[in-house]
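This is the structure I have questions about; it appears just below.
Read from first to last, the chains carry the letters A, B, C and D; within each, the first residue is number 1.
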Amino acid sequence: MRTSRRENHREAVAGRANVADTPALDAYYDALERKEMGALWTVANKIEPWQPRPQSVPTIWRWADVRPAILQAPDLVSPEDAGRRVIMLVNPGRREVSAAVGLLYSGIQIMKAGEAATAHRHMASALRFIMEGQGAYTIVDGERMTLGVNDFVLTPNGTWHEHGVDASGTTCIWQDGLDIPLMNALDANFYTVHPDLRQRTNQPTDSSVRLHGAGFVQPAWLRQAWTKPYSPLLKFDWAPTYEALTRAAQVSDGSPYDGIIMEYVNPLTGGPVMPTIGASMQLLRPGEHTKAHRHTGSFVYHVAKGRGFSVIDGRRFDWQERDIFVVPSWSVHEHANLDDRVDACLFTFNDLPVMQALATYAEQPCPDNGGHQMVVA
Amino acid sequence: MRTSRRENHREAVAGRANVADTPALDAYYDALERKEMGALWTVANKIEPWQPRPQSVPTIWRWADVRPAILQAPDLVSPEDAGRRVIMLVNPGRREVSAAVGLLYSGIQIMKAGEAATAHRHMASALRFIMEGQGAYTIVDGERMTLGVNDFVLTPNGTWHEHGVDASGTTCIWQDGLDIPLMNALDANFYTVHPDLRQRTNQPTDSSVRLHGAGFVQPAWLRQAWTKPYSPLLKFDWAPTYEALTRAAQVSDGSPYDGIIMEYVNPLTGGPVMPTIGASMQLLRPGEHTKAHRHTGSFVYHVAKGRGFSVIDGRRFDWQERDIFVVPSWSVHEHANLDDRVDACLFTFNDLPVMQALATYAEQPCPDNGGHQMVVA
Amino acid sequence: MRTSRRENHREAVAGRANVADTPALDAYYDALERKEMGALWTVANKIEPWQPRPQSVPTIWRWADVRPAILQAPDLVSPEDAGRRVIMLVNPGRREVSAAVGLLYSGIQIMKAGEAATAHRHMASALRFIMEGQGAYTIVDGERMTLGVNDFVLTPNGTWHEHGVDASGTTCIWQDGLDIPLMNALDANFYTVHPDLRQRTNQPTDSSVRLHGAGFVQPAWLRQAWTKPYSPLLKFDWAPTYEALTRAAQVSDGSPYDGIIMEYVNPLTGGPVMPTIGASMQLLRPGEHTKAHRHTGSFVYHVAKGRGFSVIDGRRFDWQERDIFVVPSWSVHEHANLDDRVDACLFTFNDLPVMQALATYAEQPCPDNGGHQMVVA
Amino acid sequence: MRTSRRENHREAVAGRANVADTPALDAYYDALERKEMGALWTVANKIEPWQPRPQSVPTIWRWADVRPAILQAPDLVSPEDAGRRVIMLVNPGRREVSAAVGLLYSGIQIMKAGEAATAHRHMASALRFIMEGQGAYTIVDGERMTLGVNDFVLTPNGTWHEHGVDASGTTCIWQDGLDIPLMNALDANFYTVHPDLRQRTNQPTDSSVRLHGAGFVQPAWLRQAWTKPYSPLLKFDWAPTYEALTRAAQVSDGSPYDGIIMEYVNPLTGGPVMPTIGASMQLLRPGEHTKAHRHTGSFVYHVAKGRGFSVIDGRRFDWQERDIFVVPSWSVHEHANLDDRVDACLFTFNDLPVMQALATYAEQPCPDNGGHQMVVA
């Protein structure tokens, strides 16, 4: 009796691989391996699962843990040495690729008043979501944008960008979101440091907001000229976003799975803000508890307002403002606002544009238990 | 010596038709005509002009003329008898097709407090721009929208729609814009009266504004479902439109030909609000005088605010609030704000989407005289 | 008792205009007219018909009439004087705009061996369909294409083009199709004579056919560079077209209304060959009689092969090879192959791309009489 | 003196991370790790490389090795046990994900006369390229297709498909190509066995080829109905493909980097045949040696005809018919036909559609040495 030293993922199901190991096959496998080959049937059931089997696991990073940790960083490293002074949120199942979930990276960055980082650009698409502090700014291709809490700013693929805090400001903390793991998975990552290390601004502050910010009208003289694959509107302020949510909530129940969920869009196309990363802000009304569903795509949630919980693959995660949690692809999930009088808001960024561009989006409601999951943990 | 009784458009230019009439040809033409044929060379130079030769002529309808005329209508006809109590603006060169310019129709409609018109739908795309009065409303496919001065509302191709004024309102006047002549030119016009003569509302008032009005975010649960060829946002309020213009004016000079010109867009596509009619609002800063150019496409202008003049094909048209004027295709035009302290705003609707969809857009700056026309009249 | 001198299209239907003429209204109409205005209700029922009311009438031009007529032309005019030696097919209802049907122009052109016309370009889109003769060629933007019977060639909007017959050829006759009336209706027509009167070829003969002709593969190095709004494949040969029809007929019944109908496509987009004109070739099997339907869009048919009849708005038109007939928009039509052993082929060009781009396509089957019309004439 | 136990990728370049390990930082890293966090600056230079750093290495699998190996398989496993009797081509750097290169899988499958595999479907997109034998067939969504050497057949994402060899045929061998690693990287892989294990055919053999195979015309009655994200034409025969290459070679030099390279296209869109996998066939003329360049995207080459060599990242790989080799993303590559009288043809499948859909395509010519690489191995 022998035990093969190789993996062999057998399933006793018609149409699936189910080949017993034998000495003859073992010798065959050895010979194949020497020629950079292998027998599909030994791994077919692993590499072709019945449904997605993400390495990522549902995870929450509580602000009560993250904030003290990031506040230590300025005493330990300078922006010059660190490049960016950022603490990564690392999924337990995705540590090897530094992903928060799936192929999405996320980190928490801190800058003190008067600090500024060097400018660079990369193939990865990036965004920031402001968590606390005053005086933060980002410069993208020469446009300086001022940033406040819950503001959402893009630094799209290929744009020169840099961050800083005005000398008159306070220590600022924000969340970064990037598709670095996706770019690496695609073997398409590039990085360039700005030749002058800093950009000069070449237009008035917040130009893109003033030109493109009112999405229902767009500057006619700029529309035809824009050929880039991302939104010309680079910053989405919190106040009008929240107003849009509350106005929509006056006339609609929204999605059964997500409540009033508004996608940030490229106002010149109505499509996602960047080719690989989508983002949305959703409002859960006081006491609202959404139905459960699952779909492909990896999601990073950031609690912009309120408190509640989400059930992800049967496990309950309680959350409050500034907590960050992730829902892996094909994980069943539902959300609840625990406050009876105040709404809750969840910011999300995700790889839905990738799912849609590559025709890999799939969705399934949770039919059992009145649309809700049995909470098992 | 004979004189042909037929048209014969000769040009003594190489590559153009230049055939002299002869008795033999005349007999030939007679024979062709009996068989529903004709000789191209007799009309080629007419039907293939060197450049567009619109029948439409630049025309202005002054509010000082229009308002007294439309105010008489309620005493002369009821909405029931008239269908719609509307005075058409008829271009002197396009009387046969009831067009204001090119293939665009425009009229001025009046309704008294408490009046309501019957519901209908048609293949033509339509819009309204509110001129005066309180309490006007439009219902489109069950959505009731309230309307104030300078608000812009769509009643797109194929939608059930009806107009009225609340009993608590005042006499209301607005401009209608439609592509009726285009639909007739294309032999594609349809018209249906609503089987109940009136619609029931099926959603809260101004739903589309509250759901889609903040163009930079869009309701995620509605985006994928929308397959119609027009904007789901049906009303564009004046206040946020004017705010968008003034914000853009803070950071940009806009177009050299049009100043700060913002196109109303379908927020789900970034494209025009309807497949055949585009619309925009432009702001001319105090004292601003734009450069002249010409392009294909027919334009109806409505002075939403301020006073100034436009020069169209060398002729100056002075305008003030509520005046309406038209610029035919390929007519050279430039605009000026005559006030040194107050901005002026021009609303426009046009057939630019047709030009773009059919690849017939062409544009040319006016190179002479520093970019301005010689005013000849 | 008075009789109004104006048109007044009344209908006694709720929701339609129905205003009786009165002296007061007559005076009002006079006053309006002086200010370039008019009362909508007098013409509303005319300009907003219940369904399309084309001026075009179903018409057939028989080759037995057309061929003798066009053969006379060379003795009457030279290509130099005529520009193009073409006999137009003029719809009895559209004589004023020189249209064969709707907004489509068609003519029959003749050139003798060794003749050549001057090069020009225009905003109108154009095509040729070869009827008889050997040695015909067309040059489009420097590419010379050789042409045989039933070949279909494009001279798209904006391209330099010229036609001729080799000295070694025979007298050639072909059908021209253009959207001249559409360009004029849109006030977007332009015409330029080539500065040298003749083009020089700048690439091998039939280049586009050899590069793009096998539609299922396309030259990778050319795909990204092509930004023009028409097909890079400029000629569609008869032999492979007919082969495609017969192969499809082996496995499909095709359309109930049109049999095996294959659209000529832009192989880089799968869309129509030009932005305003579509074209197709359809095969009717021996004895096949299609069902009747109607839809928007104007169609010119050319009998490429066989004999049969079409019923258009209840009137039967018998046809044989080289006959040309038209189906106006919204006219009910059906086709029949009268031969029991040989298939029949109808070439068509039409304005379907306009209907689709402008969202004005509508279609309706003929439900009565087993899907067929009662033939009334 | 301590040695950190963690990775720390330092670079002494302004704008890059360069933080020395210290006991304080080490303690900080420990604390972060306990909370599922980490310091970006320790890995930033690794996860954000200056340019793509694929794990895949250029590799060739020679038919002289592969053929004997695959011919052994029928004696070792049955199709029933194996699911599919396939030998994978495993890149030395991508063994863990069973990829041939990047996120592309490839295998060599063998079936004997009369064998048939079970039907299944999956989110992965798949293709086959026939290498030898007679009587092979594939059934896709009820359409049976017959396959010969160098034929290329799609089994797109979501389609039921199965393979077999007619009893009257011979042992058949073909190459499979799938994006299994991409689907797993995206956490979007699904797999279903057909409920009946075998499909019934529901249309004539090779229907899609007869309906859609002549790419320059398309069946009008099917065009509007097709909404799937892949080509309705499922098989691309070798004979017309080779003819298209030779016809194009008569009039063009093709690409400086790839010679006459023709992309297989979806004839309804002109785009790639499937949303995640593109394919092309390229012809290198006798003696042709292309210039070198590099670009993002992973490529699998299959020598369909002829003999020559490719230089990949400075290393020369000689190839002949049926050899398979891969070019990883951003690897410099050039190709040469070693025969002076006979052309060579390379079939390729790749993830270019992913690069284009996600805006990650980048390209760079090789400027040195007259456009060619220095061969270092």
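The definition used in the following text is that a contact is a pair of C-beta atoms (placed from the backbone, for glycine too) under 8 Å apart; a residue touches a chain by one contact, two chains touch by 3 or more.
What you see is a predicted model, and the numbers here were worked out from it, not measured in a lab.
When the C-beta pairs in contact are tallied for B-C and for A-B, the bigger tally goes to B-C.
Using mean Cα coordinates as chain centres, the one most removed from subunit A is C.
Distance from the subunit B centre to the subunit D centre is 52 Å, each centre being the mean of its Cα atoms. Look at where the CA atoms of subunit B average out and do the same for subunit C: the two points lie 29 Å apart. Between subunit A and subunit B, the centres computed from C-alpha atoms are 44 Å apart.
Of all residues in subunit D, none touches two or more other chains. Here subunit A touches subunit D in the complex through residues 13-19, 24-25, 28, 31-32, 35-41, 43-44, 47-54, 56, 59, 61, 65-66, 69, 72-73, 76-77, 81-92, 95, 97-98, 102-103, 105, 107, 118-120, 122-124, 157, 180-194, 197, 229-230, 275-276, 296-298, 328-330, 351, 354-355, 357-360, 362, going by the rule given at the top. Residue ranges of subunit D in contact with subunit C, taken from their complex: 203-204, 206-207, 209-221, 223, 233, 236, 240-241, 243-245, 247-248, 250-252, 254-255, 258, 260-270, 280-281.
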